[in-house]
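First chain written, first letter: the chains are A, B, C and D, and each begins at residue 1.
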Amino acid sequence: MFEKKFKVAVIGGGSSYTPELIEGFISKAAELPIGDIYLEDIEPGRHKLEIVGGLVQRMVEKAGLDINIHLTFDRHEAISGADFVISQFRVGGLDARIRDEKIPLRYGVIGQETTGPGGFAKALRTIPVTIDICRDIEQFAPDAWLINFTNPSGIITETVLKHTEVKMLGLCNVPVNMVNYVAEAFGVEMERVYIQFAGLNHLVWGQKIFLDGEDVTEKLLLQLASGQDFNMKNIPDLLWDKDLIESLGMLPCPYHRYYYMSDKMLEEEIKEASHTGTRGQVVKMVEQELFEIYRNPKLNVKPPELEKRGGALYSYAACNLISSIANNKKDIQIINVKNNGAILDLPEDSVIETNCIIDKDGAHPLSVGHVPAKIRGLMQVVKAYEELTVHAGISGDYHSALQALTIHPLVPSSSIAKKLLDDILAENKEFLPQFF
Amino acid sequence: MFEKKFKVAVIGGGSSYTPELIEGFISKAAELPIGDIYLEDIEPGRHKLEIVGGLVQRMVEKAGLDINIHLTFDRHEAISGADFVISQFRVGGLDARIRDEKIPLRYGVIGQETTGPGGFAKALRTIPVTIDICRDIEQFAPDAWLINFTNPSGIITETVLKHTEVKMLGLCNVPVNMVNYVAEAFGVEMERVYIQFAGLNHLVWGQKIFLDGEDVTEKLLLQLASGQDFNMKNIPDLLWDKDLIESLGMLPCPYHRYYYMSDKMLEEEIKEASHTGTRGQVVKMVEQELFEIYRNPKLNVKPPELEKRGGALYSYAACNLISSIANNKKDIQIINVKNNGAILDLPEDSVIETNCIIDKDGAHPLSVGHVPAKIRGLMQVVKAYEELTVHAGISGDYHSALQALTIHPLVPSSSIAKKLLDDILAENKEFLPQFF
Amino acid sequence: MFEKKFKVAVIGGGSSYTPELIEGFISKAAELPIGDIYLEDIEPGRHKLEIVGGLVQRMVEKAGLDINIHLTFDRHEAISGADFVISQFRVGGLDARIRDEKIPLRYGVIGQETTGPGGFAKALRTIPVTIDICRDIEQFAPDAWLINFTNPSGIITETVLKHTEVKMLGLCNVPVNMVNYVAEAFGVEMERVYIQFAGLNHLVWGQKIFLDGEDVTEKLLLQLASGQDFNMKNIPDLLWDKDLIESLGMLPCPYHRYYYMSDKMLEEEIKEASHTGTRGQVVKMVEQELFEIYRNPKLNVKPPELEKRGGALYSYAACNLISSIANNKKDIQIINVKNNGAILDLPEDSVIETNCIIDKDGAHPLSVGHVPAKIRGLMQVVKAYEELTVHAGISGDYHSALQALTIHPLVPSSSIAKKLLDDILAENKEFLPQFF
Amino acid sequence: MFEKKFKVAVIGGGSSYTPELIEGFISKAAELPIGDIYLEDIEPGRHKLEIVGGLVQRMVEKAGLDINIHLTFDRHEAISGADFVISQFRVGGLDARIRDEKIPLRYGVIGQETTGPGGFAKALRTIPVTIDICRDIEQFAPDAWLINFTNPSGIITETVLKHTEVKMLGLCNVPVNMVNYVAEAFGVEMERVYIQFAGLNHLVWGQKIFLDGEDVTEKLLLQLASGQDFNMKNIPDLLWDKDLIESLGMLPCPYHRYYYMSDKMLEEEIKEASHTGTRGQVVKMVEQELFEIYRNPKLNVKPPELEKRGGALYSYAACNLISSIANNKKDIQIINVKNNGAILDLPEDSVIETNCIIDKDGAHPLSVGHVPAKIRGLMQVVKAYEELTVHAGISGDYHSALQALTIHPLVPSSSIAKKLLDDILAENKEFLPQFF
């Protein structure tokens, strides 16, 4: 069926997530023939890359697959002629994340690595590197699909689609976890659940929920409102307010907590920061343990401890997407794509997160039309923030950056926005060439 | 030139503002021949109506004008056959306003009579009465223009344009005060200043500012950023942040302080509430003094003390509008009208505040197109709040009301939204037939 | 898998097409369990209904299926509790069609039963009956899917979606024939071909064509431009102009000939009319022959002669659609649905023909965005004609009817439009209660 | 009031229209102080330029004005530092126009210099020269306003606004003639009439008509429908069809005859062509007579014979526009401007003809919203034709040119479109560098 085996490049290959990704490829081997996987990272990450690379090599061998694993610090080599480039790097590492979480807390603002000022800082650091990678792809693998997991995934995808020629698809494990939650709530397999999503990355609503094609939205929300909650590893585990869910009439995503219960989430964050440390600090410890485990030469499968890391179903989403492209499946997956009018209430050149048909030609959004006022306003103001962030991240324009933070729903005033911005710029100076 | 003299009905005629309005009519007498003015109010306001009516009668006599002043508690009589109906009533009086200001403060939220939860409560009280008035106009004066000053003026106008056949124009004295501020800043007459406005009521930006047709936006903002501030009586007098103004590149309206400097505004409100009382409490005292002054049988002009009341240039805006309609002037005024695509980033059936051509056929907005991201998001989220408020105010739907407050930028969480809503409903029960 | 067997009602059950439809149900029996089929028709069609009913009964028996065939003239009985209602009736029969074809020819205008003045006349006759049927469905089978084949299918669907609560899906065999043509051109099975359609019923373009996911648009158009043509039975068989195809860069539908080669099509029609008679006259003869064949008590399969009738793949399209709904398949089919922003260049409440995901919840269009100028203008002017026709068909407004014909691209002037309209009204008087 | 006198450059200064323009400047002298007028033309037009220049010089002297008249063949000199550049040139002269009229007639298609294939040919010739002029303006007079009269004025304006930085305003004398017609119909002065226009150049509808602010649309249409017709010199004088006008409910522009009565207009053109010659041939003779008259050294006013030339109120429109810009008047004039959402049914970057506020900052359209279906379709298909023509005129792309003509409502088929295009290209070769 396939004329050739695929070449996959993983940018940020030394990530602790990589074994999960490889497990995915192994499980899809029958339908997705991969010849070469290039794990690329930067020189300072050599140690981690070698540990991960060793584990990955053993996993592939154990599976009896004929995939060549390459470790490299040469991005050109990794990208050149690739069919799929997977982006999962983290500029500045977990130390930068921890700063992103702590700076906002100084000013009584939620500190989270993708939402709010923390995500803003991460975007500014990530944009220049992403553009660099895209220039390489344009030149050395113009037909490659860039599958992005690097957060904030929606902002990064919008940046790439506005400023490069690269065919990028933005992925996130949130929608698939929402499907999984519904499946668990009804005690069925994920395949029987379908959700009509609409929104932005980490700000996506399940407008309607179906089980075997029947609308079960009300039934599900009743469970959610009565405390049968769901969440993801990296978000404080607060129950949804019953009245909120009833009046919303939709399934919010776990990250909506930052907007709908900002006060309690901030309290929770402050408490966590002083007890266990920020989520970044926790993850940093988890990662150290993981690498200890990975380096065990007898380990040749993904270790169960990886689950603690967060990022559940990450590999599931990525491998499904790649396989559906490769196999021209025309199934439906939730992707960050160019809006192009799918949601009428957002600019046409925005990136949105919604249900798409996946085939060899990429991801084709289903038409959403208008969304109801109750979700429209929040979606629009966050999109305006994202648009300004993309512009600031590309141009290094201080004014756009300040306006981005000023209008962010979690930032209480322009004077706090300015303090946040000045701290972010000062403490990330080495990663922000566009500003300095 | 005119075949007949006009009939004007003032709903809420016993308001302390009425003398200013009458002063306006007197000054426009040459171009705007008025035969009858009906000051209408409700029976409990008889005392105030009689005082105001006496002063008004004396003012008209002093001016030597042949206008019949009628005092009435019969709305049908007032409205029947009117050419212009002016709406300036306040449901629940100043006591309701004071509650609107105090309820939010309980939960650490800004309490203001038009912006945020206070304005939301006022909208819920005002909508049923407004619809009643409009039913009368539809029946007894279908050709009349309803000129609305009752706040929140944008929400009330949207309600009327969506749910009645009445030809309503929403007025506000904020834009004209912004023009006045610019004129004072440059030391020129207001007529030489032109501002391209775009936004919503109490959330309107001056996108570009012209003096004698030359773009002076930058020059003006430089003054604003360096502390040459302007404001209105009823808003705490905080200086704009220099960086905010520079990065915004537009002239914000005074009410933008509630969004751009929420933290300081809240502090200020809390301080005021504990010292002088809320703005509503201050106004209540001012009003009592005013009525004392009004009852003086020798007083036959608008007393200067009225200026303390706030509402500067209110009469200027109203009389200019009425005269431009009557005289088919085709000049430009800033009105709350149906969007109809003038601002592409808002729903077509929304009400917006923008530059309009005024003639006998009403107010015709100039096309604005898209607005920049930095003002788009805030405008859109507030519009979504307004849309939900209109729906809740008409239908009494608790869920819409809760979502309206939940997504309001000044409300930190859905659980606080619920507390606010429950208090508002409980303490305004007698005025909210749609909910009870 | 299914809890119950489906009830299907066929409005216009006495049509010569019915055996093809039944053949489709028989072939899908394994995945689509049907318990009852009600063939409904009007009393004057009793003779035809009984002949068709007999054949259908024999077909079902031959197939060994347990489907109850009911013949009825009672629409309530047919519709009551139905899961699927199939609409394929023809108001006024073939005699009305022949008039539709001949009236335009009097004035040198193309006479065709779906495009131009002929389709306009058919719409006016069909709309009142369709609305009647929908009122029954609203009352007696509110959950039923109405699958419409009655032409002009797009206009009828737009009428129903604008003026009733019925869940209607408009079908046409043109798109599936275009897929079939491409499959034949490449010598592959239809399943391997995918076309991105955009447009209106009988005015649909294949914007991009894929074979196994690869874009083969250029390759296909090269064949089309070099004379490897395709067409449908009921359209004069003229070759496409090479330059037209090259400059268009898309696959036109067979009916586009009426617009892109109006002059030759008119010539051809005039020639045909004087030789073999209009297409309607030919079909009338074919039908008489068919019914002769159908009445043969030994016939128990669809006779091959039916192919001459036109309407190829009609049953394929209908049964695929019904099965995908019933089985919640989420495959892609081409349906006439509410636009809702899928094509940004057409009104949101328009009906368009485009690629849709089909599941239990109906047909969900993929987002198209803007279409290129070269197809946009024609699509828009025909949509404006359709919108006016829907309005005229519902209201009986002469002015809307005249404007509809005046702006139709095939009508050369308003004075000819008036002559056409007056003749159409006069000669269809008995079928046009809304006008008389 | 003005710090300096204005410099005006007239491109195509040798035109027979120039004396009318100068008459306009003379009549506006009190409010519009002009220091220098540069009449620029190409060397082959030296003879005409000198004749016109002589007359203009005498007119200015007679008026006792201190305006310097310069004759030049140096475009840089004319444009450099100009405040207003007026474009009224004709590429290829009247001989090219006569070809534009005759080529379509060969194929039974309307031949008109601005509408249909004739206007298409004129656009292709005019676009390269216009772009050249704009490059000069960008360089030598970046603040100048380019006032365009060169036809097809809408297409030329769209070209300039899409492809240059020049501040262009497209003018046409059609709207002002419609106002004049209404004024004459009611026996009043033009100032008392106001028309809400919407549409494209030479395809503009008067949606509503006001006299002293009262809606007189119905009254006016009654007159129009009963034969009280109006027209312009260059359009065959056919009466409007009563039913068309009644069903349209708006005031069509004279050029609408080409679309609404294509059949009779074609007949008329054919008749004219064989009797008096095409309109271009008539104008050529008129022009020769005019230049004879102009050279009379005693003539020092605009001669009455110029009226025969067509172009009534041309100077009125141009001088009003220039004066309103110069004086920051904020009055309403009808201009071809960027749509930017003013008409929601057309692309945002299209040029439309509509009511605009005129001030120092240019022309600001009033918001139109959606237009009714009866005018929407024709407006949209002509706009698509215009968009393709702009693209073809800039790029020389044969395919776009062919599609432009194919979808034009007056061209019956793609094969005739091809014949027209090939003849147009062949016979205008010397003027079409973009194609050869």
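Basically, a contact is a pair of C-beta atoms (placed from the backbone, for glycine too) under 8 Å apart; a residue touches a chain by one contact, two chains touch by 3 or more.
Chain by chain, the UniProt names read as follows: A, B, C, D = 6-phospho-beta-glucosidase.
Since the structure is predicted, the reported quantities are computational estimates derived from the model, not experimental observations.
Enquirer: Fewest touch steps from subunit A to subunit D?
Expert: 2
Enquirer: Hopping along touching chains only, can you work out the least number of steps from subunit B to subunit D?
Expert: Graph distance in the chain contact network comes out at 1.
Enquirer: Report the chain whose mean Cα position is at the greatest distance from that of subunit C.
Expert: Result for the farthest chain: B.
Enquirer: Using Cα averages as centroids, what's the distance between subunit C and subunit D in whole Å?
Expert: Averaging C-alpha atoms per chain gives centres 45 Å apart.
Enquirer: Give, as an integer number of Å, the spacing between the C-alpha centres of subunit C and subunit B.
Expert: That pair's centroid distance is 55 Å.
Enquirer: Could you say which residues in subunit D touch two or more other chains, in rising order?
Expert: Only 370 qualify.
Enquirer: What's the complete list of touching chain pairs for this entry?
Expert: A-B, A-C, B-D, C-D
Enquirer: Any idea which subunit C residues touch subunit D in the complex?
Expert: Contact set of subunit C toward subunit D: 241, 243-244, 246-249, 260-264, 345, 347, 373-374, 376-378, 380-385, 387-388, 391, 398-400, 402-403, 406-407, 409, 412-416, 418.
Enquirer: Can you name the residues of subunit B that touch subunit D in the complex?
Expert: Contacts found on subunit B: 194, 208, 210, 212-215, 328, 330-332, 340-342, 344, 348, 357, 359-361, 364-370.
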